[in-house]
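Presented below are the structures under discussion, each in the form of structure tokens.
In what follows, subunit A forms one complex with subunit B and a second complex with subunit C.
Moving on, here comes the complex of A and B:
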């Protein structure tokens, strides 16, 4: 229990540290947010007024404290809407408010923009994860069973190619083959209807899944080769179980734990891959949002993206660690 | 002083490679060596033999009657891009950029990662180890791509030097972890204890006894890291946060070609294949070296 609490405190610390570093880096960006909000033609007086409104005339540490205080705070359980003077840019769960300010470019609350985009990235990442698991586990098991035969060599070779192939090169290749030549799927974008969303999802999801699929093939293969060499496999075979049953029901089940662990630890890679994939396919999620915000120097949106992505990474490693504590008695005691 | 040790162990690695026990190990490393060698030769010779200038638009010969980029031909070996510049010349110039950034940033990251990892491993459990490794944990949780992009954006105009410094100073975290665990393995071996009891200073032991004996894994990670750095550079320039145009970079060439995917696929294909083969080459070389160092894995 003490261990779990320490782990939670550490996760909170990591979140705070990343957000603070992001705040500092963000502040070093050469841009004038007040000018950006006021518009290029605005008179100097109007720019100064907005600078004061945004609190940008304050010293950096005051801005920092203000940012952290607004990030998570308590407020009324119902917000009047974006026009609310005090909590207009908040998202709330009951009395618990999260405020990331307003986008300099769009003037809308960052929380609203993120809430609009996050489900699309989640959908993309989830589909890619399924692609990864299906291809990776199937190919890995086949390679392990056919160790050192042609099927194994092909699987290992393809997985090395898949690990080395950059996400955007795969994306452009798929665009060329399946969108330009075969015209099976839309080249990019998100579409307007559910059917269009689904069609637009295929190429980016496969693109994002290739690296993981290749990576899992290798991990699953190595794990399975280890499991298949154990005595219990020979015993199960000797008592007359079919080869397929032994492989799937005995060996694969024992190899599940390390595979799940790696899955949790690779969420960060998936997040990084999503940034590139979304840019190639103009998929309107968090990834393309963060790239555009960076190029536009839209500070609050950048901060919002950093908060969301680092939260996802921290929470997934936390989940893996806690799963270990719960599942493995040796770790629990240690 | 310590150089003798590092070189000897690297030489042992290579002799084991060329002596080779199994065809698989040899094949992997050799394929990697061929690809990497090809990349190096291309980066050195390519810009010299390229028949056209990488920066000049050729409106006379590089354009089709429909005002589109011209395909691969005797005059333009890999065709022209959307501004009618020679794709081959740009690819060759981009190879120099990729290779220089890949190697320079890897050297920086490897040096920092090795120092941090050795110190943390040597002082395991003490405050220095705790501080260093906790910092690594925080760094690994940070969205790497975002911070590199932010640093690039903060520097107004990005040059090759700013990119490899940024990549080098942010890319050492993984190495530090591995070097730490290797140092832990070596630390309590007899020859280290002997050196300690002879009264040798800690820096001297780290340099003369620990470093030479963990240099194998460091060479392996370093080789694979070059691939990751080349990839990171191309991602940055693809997303518009890399070296400022018109300097040719493979990533930006991909970006420029994307709108012409249907009409002129060679603009995208050339840098795409180049990035793939470079990354594959360094990965294969690293894998081959690892197998040669660890006979159990082969």
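Moving on, here comes the complex of A and C:
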């Protein structure tokens, strides 16, 4: 319990540090969010007026304190409405409010925008994580079992291709072959119905998962080769257990520890790394949102993306730690 | 864990070669493949327009707001134009034409504009458009609480300053003189008034728009199309549907228009070739050249008139550009034709500020000329002679040249550096992202040199002269006068032109100003940018529009066949089809 509490405190500190650094870096950049709101050709007076409307004429420390005070605060248990100046841009969890302000560009609450976008990116990231785990574990096990045979060489060769190819090239290739030529999937987008969402998800999930699948293949192969050389495997075989049962029930189970570690960390990485995939496939998630927010210098949205992404990474790391406790008795015993 | 991510254990070269081969094999058919033929029209030329169909467009950009009082992106105008009708509007040639106002009278020596509205014009909510709605919409758009970057264009309306400063709640300069008559009183004559009125910010909005702007308002106007309740899926697509109560009988022909947002160029081209997009403007250059070279597509292609100027903006407050001879050397030393060839499909070389598609362009202007010998002479007069044989002399310091990443100007900067080196000016290209570039260029004493570019806000030379070269636009932060150029003669000519209602006399003032800018060279004017539009053969009566990109009121669809589906292998058998998804969308 103490260990868990320590991890939670550490996670909170990491979140605060990440958000604070992001805030400072975002504001230290030599750019003018008010100009980006007004448009490149707006006259200086219009830019100045918008700067005041956005509160960007305040000193940075004032903006920072205001940001932190608003980020998590207590408030009435229900939001009065969009016109409520105090809590109109809050997401409320009972009395606890999270307020990231309003997007400079869209003028909508950032929490509303993130509530639309984050589930899509999480869906994409989880699907990609499953894709890469399925492909990677299967290919890695086959490669280990067929060590130094054709299947092994093919798996290793393809995994090297997978880790070497840039994501956007893989995306464009899949788009061209499976959407343009074969018409199996939509070229891009998110669709309007559940069926369309599912069809639209396939190519971006595979694109996002290719690198990880290739990487998993290498890891699982190495781990499995190590496990298959242990005495307990020979013993199990000597007792008459079938090869498949030995591989799946014994060796693979023992090889899962690093896979679990990577799987947990990968979800966070995939959320953060979905930027290119989302842009290529026009997937309306956090990745494409953060790219556009950076290009527009939309500070509240940038900070919202940082909060969500860092929260996912921190929580997935926590989940990995807890998974260790469940999977490995040695960790439970401390 | 025994291995670390990203560690390659096989020869990298082998992997790279294999990958390159795989990609080459994969993409080779795409590159060498012949373009599909345009999908033809079902009816012959001259056939009567048919009603129906949804026009499919796509864009790499996104829409931030559809409130005419808050336009801050380049895409919104073409959509807002479809949703909101104005008192006056631009036709496809850029000429002012009546819209909700059937006529107008200019009185009081050009200081009063009286508009007579058509009767029976309906908003999308069914309410009639009246003079009260006009006044309310104008005050809503110009009130200081509105985030309206274009508000200052209307500063000549009596009472503007107080409303803008939130010291007043109404605009005495806009007077309702009857249910269908509204007058605008100006504090001074304003030659641009009709032109800026034909822009979007003051377009009448439904009563649901209220007296002040609100981010939660559902856009509602009196234009030919209306935004349905779920028509805008932010970041994904936006669909408008026909307004059956539109005041022009029989129009529009289309059932609707759909914009796919955030779509990259390659996806747009794929979809266009499949027949899933009807019109494309965002071409990657190689694809654009393929379409241009194909005679089957030529009848369905148009180039816009140029409304954008590209050049090199020199900060006259920072050495060496405080020396007019150095600026003249740059203006003469750049090879405009060589720069044009960087993107010959979109660029045309120019020697003056005002583009050909804008009132005030002067075909007789001598302008700035590329002349290498003259450039060397200007360097000599500046006191920094350069010997091209020994490659000695010239300005002794390296000049930073600020440019933003991945823009056309980044590539042009590379060529520019080579050209200027030949006259003794060595520049160092510094690449930053776009927001940083804009911020630094508009900051006093921050940058000496970099690309300048400007797109018309309205088709008149004042839309270029005033923001870029009038000294009143200079500010420590956020100026568009990137040269920090201050010339009382230019200021005077611009101010006089602003009040000169006679087109011929105003044009002479513009020419005089352009002569001064040619000689003073705060910019080296270099190129005009023209957009290329490719449409399918079945898109009828479509025209590029100088202000709104597309003229869609009279556009109709007459598709003779389905998409090029015959080319697909598994068009009806894919996973999406099994899931009940239309993959052609």
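By definition in this document, the second predicted complex is superposed on the first by the 289 of 334 C-alpha atoms of A that agree within 3 Å, B and C clash if a C-alpha of one lies under 4 Å from a C-alpha of the other, contacts with A are read in each partner's own complex, and residues count from 1 in each chain.
Heads up, the rule we're going with is that contacts are C-beta pairs under 8 Å (C-beta built on N, C-alpha and C of every residue); 3 or more make two chains touch, one makes a residue touch a chain.
No experiment lies behind these values; they were computed from the predicted model shown.
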Touching partner for A:29 - first (subunit B), second (subunit C), both, neither: both
First, second, both or neither for A:111, with subunit B first and subunit C second: neither
Touching partner for A:163 - first (subunit B), second (subunit C), both, neither: both
Contacts of A:17 with subunit B and subunit C, given as first, second, both or neither: first
Which superposed partner A:173 touches (first subunit B, second subunit C, both, neither): both
Subunit B versus subunit C as contact partner of A:271, first or second or both or neither: first
Partner chain(s) touched by A:309 [first = subunit B, second = subunit C, both, neither]: first
Subunit B versus subunit C, judged by how many residues of subunit A each one touches: C
First, second, both or neither for A:261, with subunit B first and subunit C second: second
Subunit B versus subunit C as contact partner of A:127, first or second or both or neither: neither
Contacts on subunit A seen with subunit B and repeated with subunit C across the two complexes: 29-30, 160-161, 163-165, 169, 172-173, 175-176, 180, 187, 279-280, 295, 297
Residue ranges of subunit A touching subunit C (in the complex, touch as defined): 29-50, 53, 82, 102, 105-108, 113, 116-117, 156-157, 160-161, 163-165, 169, 172-173, 175-177, 179-191, 193, 195-196, 198-199, 202, 215, 218-219, 222-223, 226, 258, 261-262, 279-280, 282, 284, 288-289, 292, 295-297
Residues of subunit C defined as touching subunit A within the complex: 1-3, 5-6, 8-10, 12, 15-16, 18-19, 22-23, 26-27, 30, 62, 64-65, 70-73, 144, 147-152, 215-216, 233-237, 260-264, 266-267, 270-271, 273-274, 433-436, 438-440, 442, 454-455, 457, 467, 473, 475, 477-480, 565, 568-571, 574-576, 579-581, 583-585
Subunit B residues within the subunit A interface of the complex: 137-138, 140-147, 149-151, 153-154, 156, 227, 231, 234-235, 238-241, 251, 254, 257-258, 261-262, 265, 268, 272, 275-276, 279-280, 283-284, 287
Contact set on subunit A toward subunit B in their complex: 13-14, 17-18, 21-22, 25-26, 28-30, 160-161, 163-166, 168-169, 172-173, 175-176, 180, 187, 268, 271-272, 275-276, 279-280, 290-291, 294-295, 297, 302, 305-306, 309-310, 313-314, 317
